[in-house]
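Each structure below is given as structure tokens.
Both of the next two complexes hold chain A, though its partner changes from chain B to chain C.
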Partner chain A sequence: MVTNITSFGRSGLSDWLIQRVSALILAVYTLFMVGYLLFNPGLDYAAWSGLFSATWMRIFSLLAFVSLAAHAWVGLWTVTTDYLKPTAVRIAVQLVVILAIFVFLVWGIQVLWGA
Partner chain B sequence: MNSKRPVNLDLTTIKMPLPALTSITHRITGILLFIGLIFAFWALDTSLSSPEGFDAVSHALSHNVLVKLIAWGLLSALAYHFVAGIKHLLMDMNIGVTLEGGLKKAQATVVISAVLIILAGVWVW
Partner chain C sequence: MLQVSVYRYNPETDSAPYMQEFQVDTQGRDVMVLDVLHMMKEQDNGLAYRRSCREGVCGSDGMNMNGKNGLACITPLSEVVKNGKLTLRPLPGLPVVRDLVVDMGLFYKQYERIQPYLQNDTPAPAIERLQSPEDRDKLDGLYECILCACCSTSCPSFWWNPDKFVGPAGLLQAYRFLADSRDEATRERLAELEDPFSVFRCRGIMNCVSVCPKGLNPTRAIGKIREMLLANAT
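Right after this comes the complex of A and B.
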């Protein structure tokens, strides 16, 4: 079994499952957003902010953002461990990625509840 | 699995048939989408901040060529990553996991995402 202390779920199988579940959530969210924008061509601020002030949409969006954080980490962890062989470089890049994911997550929460 | 097994991931020495190209493109589009989150979150934040912010995002998306190109690029990466992701899920379900099946799925990934990328371009313009 492949184990690595920087892997998200501490095991390849756990990461594999997290990647699939988060992918499905992101796929549904993507289809919803694209569909919403396609079927509302003359969208205005009132309708747009109304959508994002609904509790179900905030829950749905936060679920998507958390899935995005997990999905991006598992994906970028896989890519960085495959191609960045020097440990110092790999860990440095992975720390930047984690920081970016954290910023995106906090930013997303602020967008959902801050306005 | 023996973790000490020899592994070659040097991309310059690996032959790249179509399924390998679709796989590496899945990785590249994933990295691009991660970087593109800056634009996506900026657009979401600004458009929800105020009516003026909404108009600014909407105006940029309908008039600024650079913004249109970024939007089309990110939608294209998203379309490809989505389709290639479905290919992954099919493989997980043991569908078409043969040499011919792998090639067919890779070809389908290219064709379907090409159509979606063109449609995304039509949508943006």
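Right after this comes the complex of A and C.
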């Protein structure tokens, strides 16, 4: 057993599952977005903000944002543990990543519910 | 004439590793790479490499031949030589002791970690612990590993974290004991493996599968361990 303190789920198994589930959610969200844009060629502001004022779309978007946050954390955590060997540098980069993810997530929520 | 370029390094006298060129006359025969090494040793007695069985059984002569890991004794020249050139290097990722000889300490440490022995606390029957032919079949493709380290030293995940990632060889053996109907330590074994490194650092690149001289499939074993972990979790 290798001890971990900065990984997302604290366990390889849960990180692995989170990575797969979040990838699935992001794939569905991306497909939906691409599909929506393709079927609405003359998209204007009213239609676009109308889409995002629907509750289901906000829930769907928030789910995608949270998935993106988790996915990025698990993925970047893995990259840092592969390539950054000095502990101080690695933990520092991990903290910056986690902080950035947090900021982007809150910002995303504000954009969703702000307009 | 075969042109062979071989990695030389003697930490006691060389400040850095270098490549030495040899011209070897194989008289047109398709010999094994190990035979070529013998011919080179006749030219330069100082050349160091490991070998014992010279027939693919002991796992001593794993090395990197024209960029791919394998056993020198069962790799014919026709399989590796390109444009009349052969480049020999030690197994990648492990510290070099001398020339083609690497320090396998980390590799063995990971092997030791998975407790490669049968664990069963019920008193042994008079003759032997029986196993059905079906249960015995589950060990095929697992027990044949000769611990040559060709797989683990071709695995990028093992290169980056040889102290934390068990590696394909160790994990193949981990599954060999997880799959054994006579072993009772399944839960303890799985608990040791569920962290983000030991098993889950495998990225499924399958370098291990492509080099194993015994034709074994560590990636499949790793997938099975993952399934067992998942089935055991809540």
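Here, the second predicted complex is superposed on the first by the 112 of 115 C-alpha atoms of A that agree within 3 Å, B and C clash if a C-alpha of one lies under 4 Å from a C-alpha of the other, contacts with A are read in each partner's own complex, and residues count from 1 in each chain.
Everything below uses one rule, namely that a residue touches a chain if its C-beta (ideal position, glycine included) is under 8 Å from a C-beta of that chain, and two chains touch if they have at least 3 such contacts.
This one's a predicted model, so the numbers in the text were calculated from it and none came from an experiment.
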{"item": "In the superposition, chain B vs chain C on chain A residues touched", "value": "B"}
{"item": "First, second, both or neither for A:49, with chain B first and chain C second", "value": "first"}
{"item": "First (chain B), second (chain C), both or neither touched by A:94", "value": "neither"}
{"item": "Which superposed partner A:30 touches (first chain B, second chain C, both, neither)", "value": "first"}
{"item": "Touching partner for A:82 - first (chain B), second (chain C), both, neither", "value": "both"}
{"item": "Chain B versus chain C as contact partner of A:38, first or second or both or neither", "value": "first"}
{"item": "Chain B and chain C footprints on chain A, overlapping residues", "value": "1-2, 82-83"}
{"item": "Residue ranges of chain C touching chain A (in the complex, touch as defined)", "value": "157, 160-161, 164, 191-201, 226, 229-230, 233"}
{"item": "Parts of chain B lying in touch with chain A, wherever the complex brings them together", "value": "1, 3, 9, 11, 27, 30-31, 34, 37, 41, 44-45, 47-51, 54-55, 58, 78, 82, 85-86, 88-89, 92, 123"}
{"item": "Residue ranges of chain A touching chain B (in the complex, touch as defined)", "value": "1-2, 20, 23, 27, 30, 38, 43-45, 48-49, 52, 68, 72, 75-76, 79, 82-83, 97, 100, 104, 107-108, 110-111, 115"}
{"item": "Residue ranges of chain A in contact with chain C within the complex", "value": "1-4, 7, 11-13, 15-17, 78, 81-83"}
